[in-house]
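First chain A sits with chain B, and in the next complex the same chain sits with chain C.
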Partner chain A sequence: MVALQLGATRVVTGTKIPNPCGDVNLPAEDDRQLRCEIVKCALEALQANLESARTFVPKINFTSG
Partner chain B sequence: MKLELATFPVTKVQWGERTVYRDGLLEIDKQELLSLVREDPKIVSADFDIALPGDETRIVNVRDVVEPRIKIAGPGCVFPGILGPVESVGSGRTHRLGGMAVVVSATYRPTILSGTAAQNSSVLDMWGPLAEATPFGSTINVVLAIKLQDGVTELEAHAAIQLAEFKIARRLAETTRELTAPEAEVFGIGEVDPALPRVVYIDSFLTNWHAPHSLVAYYGLPVRESLPTYIHPNEYLDGALTKDTRIGSGEYTYTWEWLNKGIVYRLLREHGKRLNFLGVILQRTRFEAEHGKQVTAMCAAQMAKLLRAEGAIVTRTVMSGANLVDVMLTVQACEKSGLKTVFLTPEWGGHDGTEPPFVFAVPEADAIVSTGSTDREYRLPAPKKLIGIKPGERVQLYAGDRWLSPSEELTLDDTCLAGTTDWWGGGKYTRVQY
Partner chain C sequence: MSQLRVVHFVNQFFAGVGGEEKADTPVGVIQGPVGAGKRLQELLGNAAEIVVSVYCGDDYFAGHNAEAVEAIRNIARDADATLLVAGPAFSSGRYGFSCAQVCHALSALPGMTCIAAMHPENPGLETYRQHKAENVYAIPAAKSAGGMGDALARIARIALKIAGQEQIGSPAAEGYIPRGVRKDAWSGQDGAQRAVDMLLAKIAGKPFVTEIPLEDAERVPVAPAIAALAKARIALATSSGVIVKGNPDNFKAHKNVQWRKYSIENMDTMRKTDWDVLHSGFNNVFMKENPNFGIPLDASRQLEREGVFAKLHPYFYTTSGCNASVPVMKRLGQEIVADMKAEKVDGVIMVST
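Entry: the complex of A and B
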C-alpha cells in the first residue's frame, strides 16, 4: 500500500515489517523456501512489461501473528 | 458514572518545615519527600529542585511529567494498578493541584543500547522559545532528579522512576484532602437529548510488543497486541492510562498529558450541549503485517458502529509509518461504515514544512485537523541553571545519537523537547493555512 502510494511501479508483497522477506517463526528449511518464492516473484516482476504500477504476490503462506 | 474533579490552583511553591497547601501556596518539606523516594533501594541518589516559568533553567534527562492528583471519594485510587489495586476508576471525587507539575529527570545504565526499545529522554527549558511551545513551560515544576543503581533491568528502571514520581505527586495532592476547592467540575457521559449527534473518540496509540514495557499501560498493564477496547473517558482523569517512564523523548507522551488530554476534556464539556459523547475506543497500533492492520481497523469501526456512533474523532501517538497505516485504515473503515470521521494529528513536514506531512493516506481521510509540525527546529539559548545533570556533563537524548552540551546553546526539534508535540489537541501552537 505504502510502496504504491510512494510511486513504486513493481511492488512485491512480502511478509511483515520487521522481516519482510522471511518468517522467523518457520523452521529454517521452510523459511528458506519462502525466501526463494519471494525472490522468484521479484525476478518475474523485473521481467514483466508494465502499462502501469502493479503489485506482484508471491505464492507463500506466513504466520501473521 | 460521574467524577467531580476539584482544582486547587498553585501559584507559589516553596520549601518549608512541613508539606502543606494553603490558598495557592504549596509548602514542601524536602526531607519528607526525599525519604519517600529513598524507600526504593534501586534509587541511589535523589534531589529536588523548583523550576519556575521564566527562570533561565534547563532540565535535562527528562523522563516524565505528572500532575499531582488524589482520589478523595469513590472507588479505587489515582493510578490504579500502580499505586493501588485494579478497581474501575472515574467516579466519586478527585483532587488535583492545578498550574504545577512534578518533572522527573533520571539516569541509569541501560541494557538495551539501540533500537525502538532503548531508553531516551528530552530537554525542558523554563524560558525562551521552548517554554512558549510546551505546556510544562508555564507550570511551576517540582523537579525530582534521580540516579538508579547499576544493574537494574529496563523494566525495573521504568518501575522505579514511575513509582518515585507518582508517590511524590500523590503526597503533594494529599495536602488538599480536608480542604474545599475553589473550583470543581463534574464529568460524565450520562443520558442526554437523543437528538444530539452521537460521537465516539478513537484513541489510537502505538505500542511496541517487543519492548520491556509496551509504551502505554491501562491500569498499569502494558498494552501489547490487543484489539480495540471500550473505556469511559473519566478513566483518563484518574490515571488509568500511563506510559513507559524510560521513554522521555518529545515525540512520545507524558503522564501529565494523559491526565489532561485536550480532546477528552473538550468532548466531556460538549456532552449534552453540542453532542452525545459515547465514550472512548482504545486502539493499539503498529501491527507488523497488513493482516493485523486490517483487523484492528475493522474492529475499531465495528465497535463504533455497535455503539451507534454517527461521528468519530481519531488521534494517534508517535511519528511512525507502521502506526500511521493502521490509523489511516481505521479512518477509512469508519467512513465506509457511514461514520463522519475526523483525524486530529500533528504532521511531519521537514524543518521548513515543505515535505509530505504523511507517508501514507487514504482518500476517506478528508477531514484532518493539524496540530502543527513535529519537525520544527528551535534555537535554544544557553541556560543560567541546569537541573538533572552536572555542569560540563554531556547528554545523549537517543541511544546512539550525538552527545550534546546542555550548558550551551542548542538547536533541536520537537522530538527532543518535552511536551512540544501535540498529539491530542489543547497544545500551544496556532495553525495558519497558506
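Entry: the complex of A and C
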C-alpha cells in the first residue's frame, strides 16, 4: 500500500481510485450512505491511540468494476 | 593562489527584488555581490571574488525548472566561476529546493564546487541527499535569517578551504550535512578489533560511534489521537485534483508545485457547485460528475450536523498529486499543515487517488 510506504500513519481504505469515497454504481442515497461510513471510519481512525501505522477498513460493501 | 571566482545564487527576496509578490520573477543577474553576499565577500577577503549574483523567483523556479537551471548554468559558465554559493535558504522550502537543484546542475560543470546553506529540516535537502555529489556541500543554517551571520561564516570557512585548494574532510570535521558518500580510509585497528570495542562499549552503556549509520526511511511519528472529537474542527484535503472550474490558479494535470484552499462555506455537497478535476493519473469523469468522491463534503456535513464533530473547516485543501516530486509534496504538506494549525484544525481527512 503506497500510503503506508510513504509514511502515512492512519490509512483508511476507500473504494476505487477514480472515486475513493463512493460507488458510481449505487443510487445517489446509497452512495452517500457509503461515503458516510468511510468518513465515520476516518473519524474513528483520528481517535485511535496508535504506536505505529495502521490501516482502517470501513464497514462497507461496494460494487466492483 | 589565484583568486577563486564565485557565483552567488539567491531568490527574489534576498536579491532585493521583492517579497512573495515577486516570486514569479525570472532569472536575473547582478554584477558582484548583492545583499548578504556583500558580507560574504568581506569574509572571503582577497581569496575569492563574488563576480556575479544570479537570482530567480521561488515560484518561477518551481514552475520552470529546466529553463531556470539552464540560464543559471550559462551565467556561471560565462563568468568562469568555479564556486557556487546557493542561499542561505533557512527554512524556505521553495528556495531550499531551488538551491539544491542549482547545485546539482552546476556540479557537472568542470572544476565547479557548490556550497548550499539551509536549515537541516528544509525539504530541499532530500534532493541534496539523493544526488550524493562529492563536489556539493550543504551547510546547516538556522530556521530564519536571524542566523545569517553564522551561516555566512560557515560558508566562508569551506569556501576559503576550496580557494586554498585544501582537502575538504568528513561532515563531522568540516561541519556540513552528510550526503551518504562513503570513503575508504585506513584505521589503526582491523575491523574485528573495532567491532568488539564497539560492542563492549555498547554493553557497558558507554558512548560509541557507528561507522555505518543506517539510512532510515523517514519515519513519520504517529500524531496523538483526537481526545474529544465532539469538540474538534475537522478539515478535508485531497490530492485528487479537485479544483475550481476554469482552473483560475493554473494547476497542472501532473507535477504540481502548489496547493490551494477553496471555500466550502455554507455548502452541503460538492455536486451543485462549479468544480473541476485535473489529475492525469486516473479517469476524472466520475469525480467531475460528483466531486464528493474526492472531497466527501455531503457526508461530512451530515456528520457535522449530527454533532459527531464540532466544526467542518470552511475550506478544503487541494492539489493534484499525479507524478509529483516527493520533496515538492513534502514542502506542500508542511505549508498546508502550517495553515491548518493557524486555523486551529484538529484533524484532517485526506483523500488520495
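Basically, the second predicted complex is superposed on the first by the 65 of 65 C-alpha atoms of A that agree within 3 Å, B and C clash if a C-alpha of one lies under 4 Å from a C-alpha of the other, contacts with A are read in each partner's own complex, and residues count from 1 in each chain.
Everything below uses one rule, namely that a residue touches a chain if its C-beta (ideal position, glycine included) is under 8 Å from a C-beta of that chain, and two chains touch if they have at least 3 such contacts.
As the structure is a computational prediction, the values presented were derived from the model and not from experiment.
Within the superposed three-chain model, A:Leu43 lies in touch with chain C and out of touch with chain B [touch as defined at top].
Contacts of A:Ile17 after superposition on the shared chain: both chain B and chain C are touched. Within the superposed three-chain model, A:Ala8 lies in touch with chain C and out of touch with chain B [touch as defined at top]. By the touch criterion stated above, A:Ser52 is placed in contact with chain C alone, chain B being left untouched. In the superposed three-chain model, the partner touching more residues of chain A is C, compared with the other of chain B and chain C.
For the contact definition in use here, the residues of chain A common to its chain B contact set and its chain C contact set are 6, 17-18. For chain C in complex with chain A, the residues that touch the partner chain are 217-227, 229, 232, 234, 240, 282-287, 290, 292-294, 296, 298-300, 302-303, 308-309, 326, 347, 349, 351-353. Taken together, the chain B residues at the contact with chain A in this complex read 225, 288-292, 321-322, 325, 359-361. Considering their complex, residues 3, 6-10, 14, 17-22, 24, 31-32, 35-36, 38-40, 42-43, 46-53 of chain A touch chain C.
In the complex of the two chains, the chain A residues touching chain B come out as 1-2, 5-6, 15-18, 62, 64-65.
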